[in-house]
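Sharing a structure here in structure tokens format.
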Amino acid sequence: MSGMIVESEVQVRYAETDQMGVAYHAAFFPWLEVGRMSLLHRRGKTYGQMEAEGVCLPVVEAHMEYLKPARFEEVLVIRTHVAEVRQASVKFAYEVCRKGEEAVLVRGHTVHVTTNREGKTIRMPEHVRKMLAHQAED
Amino acid sequence: MSGMIVESEVQVRYAETDQMGVAYHAAFFPWLEVGRMSLLHRRGKTYGQMEAEGVCLPVVEAHMEYLKPARFEEVLVIRTHVAEVRQASVKFAYEVCRKGEEAVLVRGHTVHVTTNREGKTIRMPEHVRKMLAHQAED
Amino acid sequence: MSGMIVESEVQVRYAETDQMGVAYHAAFFPWLEVGRMSLLHRRGKTYGQMEAEGVCLPVVEAHMEYLKPARFEEVLVIRTHVAEVRQASVKFAYEVCRKGEEAVLVRGHTVHVTTNREGKTIRMPEHVRKMLAHQAED
Amino acid sequence: MSGMIVESEVQVRYAETDQMGVAYHAAFFPWLEVGRMSLLHRRGKTYGQMEAEGVCLPVVEAHMEYLKPARFEEVLVIRTHVAEVRQASVKFAYEVCRKGEEAVLVRGHTVHVTTNREGKTIRMPEHVRKMLAHQAED
């Protein structure tokens, strides 16, 4: 399994904290995006390139479990993998930890449909499917 | 059921759009927060007052289904209700529509534990439970 | 002067606070945007309509002075006026106060050029100039 | 001069774009923060450490000039330096470019006062002044 997981790093910005002294819960969504974008890039194409070619991946479902807080300045590792590829959708799963620590802070997934640039759902192009379903070592 | 639902309004800001020309998926989380805060306020206490009294409600789970996009300048209605109250947690459920339209754009829920200001989970104080479990007309 | 000023209200969201316990400085920019959008709307056209007609107003300069902090749940009043209209640019000036209080929390301005949808600077169309330079009571 | 400038990198996130297809103007403020934080870290202390020791640097003035847009996925370089140190304030100046390009996209500065954790202005402690006024090569 580990060969399929892509790791990305972010550092918690002051902008992302709230008055509870921890990272605001919605701040994790752009971080998962960082993980997803890294995975696509590592599989051969950036999301910007995909979008330019007319394949978009808007989010249709998002789920998050917050186990422990993240704090200002902490370096977080986002572990992303493709959990499922279907005819017109893909599910990414994520775990977020502090760098160098094992404990999972946040666990979640997002589901995305493939659409054209006008937002109409399209069947996933074969080269995108291959890219996402790629099982080899990264 | 309708007596238990609190409605709040937000207008989509330019800051909340992305280059797909729609509201970015994470923008909905602060809007659900607006709904949740209105509900608490309508039940008798603002979240700021609760926090000042030592009862915090950090998010431990969030789930969202995105059915249709929201766009710049649209006025959205957030319908919030308390879906479940437990010993040390509360679940809020939400629906987001365009004002004056029936179609649901986004449906979701968040689960929150009761903690003290140091982040330690505490049993939900009785007055908070009563406030949240309140079934009468708002 | 008062007839030219448009007042808008926002309430500080938890998402907009930081771990200093106040609104994060960048949170004010979307609020100024709310003020600017209200002013345009009050002068006869929403920014969305302007953009659909091919006139965009990207920010080319922003300046802010932070005199006092804003805090969670506070209702803020944004007072916006058109400070200057030129051939291909407009300057908006702003003051942000707590509702019902006189003390200014933040004072600032933004300068915007008129561009087409491709981002090319264009001479400000006459109807936009009239709308912005409008001196009568709102 | 070059020895005093600290360079940091960020990559434009989808969350930071708007429907004009470029980075939203307020997105630059967290990026300048990244630059400022790197500079402090390189001078010997993270901002989190400073804050824990009771020295805060809230923003009292911010100024930005937007010369060219930044776009999704671009890697930006933030060049930060200390422009002025006074009794109870410090001014940081910034330039943002695309990595590998000379053209400046955004130029700006922020002014910060030294306060204690309660937000009261304090004279800048001598070790902080030395750290900020440090002229040697980084």
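By written order: A, B, C and D. Residues from 1 in each chain.
Note that in this section a contact is a pair of C-beta atoms (placed from the backbone, for glycine too) under 8 Å apart; a residue touches a chain by one contact, two chains touch by 3 or more.
Keep in mind that this is a model prediction, so the values were computed, not measured.
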Q: Farthest from chain B by Cα centre, which chain is it? Let me know.
A: D
Q: By the contact definition above, name the pair with the higher C-beta contact count: B-C or A-B.
A: A-B
Q) Rounded to the nearest whole Å, what is the centre-to-centre distance of chain A and chain C, using the mean of the C-alpha atoms as each centre? A) 34
Q.
Taking the mean of the CA coordinates per chain, how far is chain A from chain B in Å?
A. 24
Q: Please report how many Å separate the Cα centroid of chain B from that of chain C, as a whole number.
A: 28
Q) Of all residues in chain C, which are in touch with two or more distinct other chains? A) 14-15, 20, 22, 26, 29-30, 72
Q | chain B-facing residues of chain A, complex | A | 20, 22, 25-26, 29-30, 56, 58-67, 69, 119
Q.
Which stretch or stretches of chain A touch chain C in the complex?
A. 14-15, 17-22, 24, 26, 72
(Q) Considering only the defined contacts, which chain D positions touch chain A in the complex? (A) 13-16, 29-30, 33-34, 37, 46-48, 72-73
